[in-house]
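What follows is a single structure, written as structure tokens, with notes after it.
All chains are identified by letter, namely A, B, C, D, E and F, in their written order; residue positions are counted from 1 within each chain.
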């Protein structure tokens, strides 16, 4: 069985019920998630050995985050314990013209203040095939940057394929800081996932054409961006989801994959949104699965986009769908007839 | 007041909240339902005297199933008590590209293992106008087949109109078993409800044309199927719902009725789905009501399809709508304006 | 800061969960609301000083209504205490072809039986810029009519701008009673909000053209109605929301404003409905805000219609959106992308 | 099977969750109950034919009250439909030193404003063995008094045993009004249930000795009261529960029965309270069952007090315990060991 | 009406349902609280003008904390806005031998990092009679110490009575740090609330005798401590609650008050615990009320201890009881009989 | 780290909320549990490597049972997949004089119909120190008996210590069947846990003295039983919990341990019950932990009884307490003071 490692933050997520606004909510749902943890759970759900690396405090909230991962079969043996707090994010689900809202309360988290000595990458990467991280992790602070760097170097050294999801977060760092750090990390990366906005914000690469709010998508423009990324960093593949935000309730969802020679465009799904948080992560999880299991590129892409279309219907950060379900959708049964 | 009897299984239904998946659910909604019970509740809601015949265990879960029926005015005096367990089904509601999922745990239920001696059909049918059953009941096992057969014979003997909803369930029997049993039962039947899939699976009648997953409907093809059914079994009417599954969230919903001479096609509703389980049963309930109260055929059909369109908006198996509400929709007010 | 007063009833609202029907609900959500209270909360949310005037019983249910208003910053110092009961309304949320249903249990409420001596309008209107009421308040009974009349007179006398939302409620009075009372009140009114149905029912003004159930809207017809209202009562502005009820789940939502010379038509929003109760009130709240802060008329109208489009996504009677959120939507970002 | 009729009001009960206070509750549990309805459900649970007579509005809230009774097997065929509203009561559950609190909102209910012509007692009492009412029903208003009087007269005339639970409610009438009406009704009564407080408030009978708040009980004093009641009205039996209120969480619970010659004192239960509303009604239900099935007096009393001790552990107004459960407790198994 | 100001932190409280442990909870109740906010709400509930001073972030979680206070009538006009986050605490309710557990996540909160310039004490104390703070506030950090110092000085200068609840929190500072800061603050204090543990930890005052865990209380020992406190700091009154922890479910609850000459010992309540968080704060609230309204000392003490006994039955941090309820309990009605 | 294996059934548990009865519950809590699974989770919580062996169906309900174990760190790698269904039990929590009630629906479960070939004991016991089973597993059917027998033999052969909890369940087999099977299994057992009732029902060993319902306990009598068990089967230790059922809400809880020479009696806890299901299993888990970590016998016993006293406060089957918490209680802090 293929083995995958992801590194990042797992946060406590507190979300209002139904479509309640923060200011009227007296009761919130508890779950745990974060970009890299979400990818890890997806891969465990597809049957791979998936290991998540982070640091959580020793108290019960930290333990609950670990338990949330163990519940879905993720290997949590290399999670460090200690630090002050678990990062938190508050989520209010939007509808129609009202956008969903996220309030972050993640500063000073255990992983943001972890030390490189908390992780023994030689041990962590033993027998591992793939390593995935996102642009969020190095953005957490200089120690987190160091940890990510060390992980990438050791992965490369040990022959582990490396993927990144650029995931630029403006509340964590400036474009300048991002470019400085991410440029160094990119030399270890084989597969890069990132949309036009990420490419522009992090690397100043801009091809024009897509107006996020208009919902119009210019595939050619994205292809140009992808090719510039490949040229600059030597990636094997560059991929991106293509979200058309009709409203907070309905989105168009498709994706592209470029290998420098050719671009692959997926089928587009019109999704009725239950919970869109983690949509991009589920795409990354699907793509890693497709590439690791050596599906042809178009198939790998279709797997990833079908998996992530389904994520939009699952509450919580994690994409709780299995291999059969994704493959059924890839084959075209999106009719939603009751499965008895 | 017209009196109706239905025979079948009532199950404990355990459904996840919101759009939660089974593997993340820590709390489930409890209700009770089953094809024939659902029809019975619809008829009680329209003001008919509706009697449900089944067998449930003597414990509180069995009693709760009886209570669920009594609550909506169903006569439960002929429900036998005993046996090991109540059948259970687990329901996970889908959305968009993710289908709803049903896990059955119905083997060894009290009704599946009931004995013909548990039911005194002479008493049960006294003063009764209509008897309805579905293809699920005889599929529960050989004793259940015997019970159904006896009920049908006695109904015919006592001049009670008989209707069936073919409802082929592949987890309960093979097409061969189904054809063998159902062919014998059909000779007692006056009104047959069944879609193309049922007709093909149970009686090998196939007219081609409708591709369930494509969402395209070929009315002429269905008409051919209906006419073959009428020819073969001498039914007075054959009817079917016509579901177009755009996704797990949105369906097109209409129906046809054939009397051997003419076909009636209903108005089509685009329904935003809250709970589609019991949609077909609510159509049967509406049609029986329409025919029993001697509405013209087109009106009976429109009543049935409007009633069942509304069912898609009601949580639970039962169609908790009354006569006025259905008739208002038949008259064309589907605008959804607040009723104050 | 501008100061606004609204006068009316605040009711206890008991609403079923999810899409449950009344007859299956074992647990209801509690909130408080009512046309004029809803307007008041909107204005407090936009940062104005908003005072609500009513009467509530001395017990804890009455106090809870007061608390609900205080929570969102409404000034409740002039709410009288006493009387027998708080009016109640039960709400069942519809979906698709099934309309939402309201059962009123509001007779004999504290405000309906309040005495003019309960309110000292000289004090209440001190330093106040705007007074708003609706056609519901005088319809509650003859004492309530007297109170409304006194409030209007005193407002006019003290130079307070007066607005009304006609809000004809057929369960409270007949068209004749309404016309008799409302005609007298209209002479104090500067800004009148009312749709064609209100205008016809209350004042017998009919321009034809809009068939509420068809969902077709005839702007010219509404303009005629507005102009007749202006002519007859000398209003400065007449405005109306224009709801297109596609179904209980989806509506088109726009509005018009006329000043006697010119008509302004807003952008139209297609809204996926979470809770449409209070939609009209949130329009009134938005319009009062726009006019009070002296926005140009088209902008005031766009503000009001955007605010009320958002209300349709917020559970409860109150429109819990703030200034920034409405203005972002006015500027055109209805894409519903997650706000991080 | 013995047949029993009870007459009275069934109310919508809205109770806060856990131990929440009214002013902090955003969600309430819904159930239906009332003194006489509670007795009726108890008797249906013991297997008798129990018919409840009242009037409820035609809307869904009224229907839900009917459904709540049907669910537990009560015959609701003689419930009149019409009137304005269902009476409501709000319940906040206390604990320890904080008492439970009830806010009534029952004025103008359908039964309070029902007309004697709504009920055909000749039909209602056909084949009936026992009729039960409480002092609450005639206290609802003069029409309700007339209805109760007519029911009592007809019951007596038709040889139906009559029982009353005095249940003095100071918010409904004064002691003078109560005495005037109740004295006339008592001549039809065979079995009277009432505690010292009732006897004193309604009939001015006072024997001294029991200080309700001290929790001390003087059995001799109560015996004197009972004997005076028997002497004055010729009752066959007089009974009373004896509650010792240690706190809102813990009570002592026993009862006495007097037949004019002898007094019977029951075992005392120390109950940990889940929901004490309906405790007295469940005693009445148990006593009627015991007397109707001709248990020896001590046994009838023990049955009643055991049944009502159990009620204190059941949420809601109704005593959802069956014959076996009560009899097991009577036999002495109050150990609370898990029943597997 | 008397005016009171309290200064401190208001935190977001997230508590598990029922008796769930943190590691099994998927849903938490949301409320807001903190020592000084709790005192402020108590005083508002008794009808005083109560103003709370703190700093909260500008986002919706901060606003919700403000709303929670406004809901119960607290004046929030002097709450500063800004900073990074609201302090959080997680609460798991214990039972029997399992203690309740609190996990604090309060570092870096807006109030802990507030600046003295955020508060204009001259304005805040205008017309104010009483100022209350606790030992938690200065423990939040050096700026918070400065703010507290400034508030105390200005209060004294403006003739405002000052009270403190020592409330030593070992996770916030060491005994040395505490003594250093608190000793300086004590010179402004008139009324000091603190138990033996506080006195020992903060000021090294130890009289021996009470073994907290044994549940035995030595009143004489406490009296000695109180007198030493009075001697050292010149307090007018020193008071303390006396908790006997039988288990997490049951406590004995009483209190003492010393004025240097005499000691007053309250009645003791055996409380069945619903939520003991905020028990001490509700005592402080009751005592301040009693002293401000010039009750005799024994009465003031009885009021405070009755109020705080009741708090143990109310979910959440706030003591949602009113004047009448506390006074009824003071008069001796703790029987918990239903209030109808 | 010590390794433990337990073998048995894991069931889906469906429990009513609060103290609701089955017949009024519309919503149930979902968890998973069973005697041997509960022991396994306890041991994982104490930090041991704990492996659970069973068979579950391939569907999501089966997977959820596995996930529930993984969540708390149990090794689920040797759980077989297949079979028809997961056993279910319904739980209604009692209070005061009303006992909790369990309805089993466990027949035909995957483990009851598993085949010995489903389990490779050589692999399962590799490096394992302790094997635990209960009398429930062999009672599930003849194949389950065979599986248990094979496991015991292989454990003995591989030097694994074997413990049993007799756990006689009268719904699964007769005393004769039990004695026949259990006698054979006992020869592999080192440590036997069983109360007097088990000993009498399974092995006909009766010493008289304890009347379960009276709540009186005769330690000498139990000692005699233990010694007879040791004599007959050569157990190293025999232990039993000693439950005094005061009511469904309050129990006395202690335990005894005999080694043939001496009897050890634990401290007794008076427990306020939150959830007593799994109380005995948590004792077994604590005892195994104590013995495996070579605590002196009295200490091992105190650990076990403290752990299981705490279980009574935790909702669900699993004892979610950790080592520190149990040891704190053993040391005597049962005061229930808040842990901050």
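Keep this in mind: contacts are C-beta pairs under 8 Å (C-beta built on N, C-alpha and C of every residue); 3 or more make two chains touch, one makes a residue touch a chain.
Values in this document were obtained by computation on a predicted structure and should not be read as measured data.
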Pair joined by the larger number of C-beta contacts - B-D, A-E: A-E
Far-end chain from subunit B, centres as C-alpha averages: E
Taking each chain's C-alpha mean as its centre, the one farthest from subunit C: F
Euclidean distance of C-alpha centroids - subunit B vs subunit F, Å: 45
Rounded Å distance, subunit C centre to subunit E centre (Cα mean): 42
Per-residue multi-chain contacts in subunit E, two or more chains: 21, 23, 26, 67, 72, 101
List of subunit F residues in touch with subunit B within their complex: 14, 21-23, 25-31, 59-61, 63-64, 67, 84-86, 88, 90, 92, 101, 103, 105, 107-108
Residue ranges of subunit E touching subunit F (in the complex, touch as defined): 18-21, 23-24, 94-102, 104, 169, 171, 212-213, 215, 245-251, 276-277
Subunit A to subunit B touching residues, read off their complex: 72, 269, 271-275, 306, 309-310, 312-316, 318, 320-321, 325, 329, 332-340
Of subunit B, residues touching subunit D in the complex: 67-68, 70-73
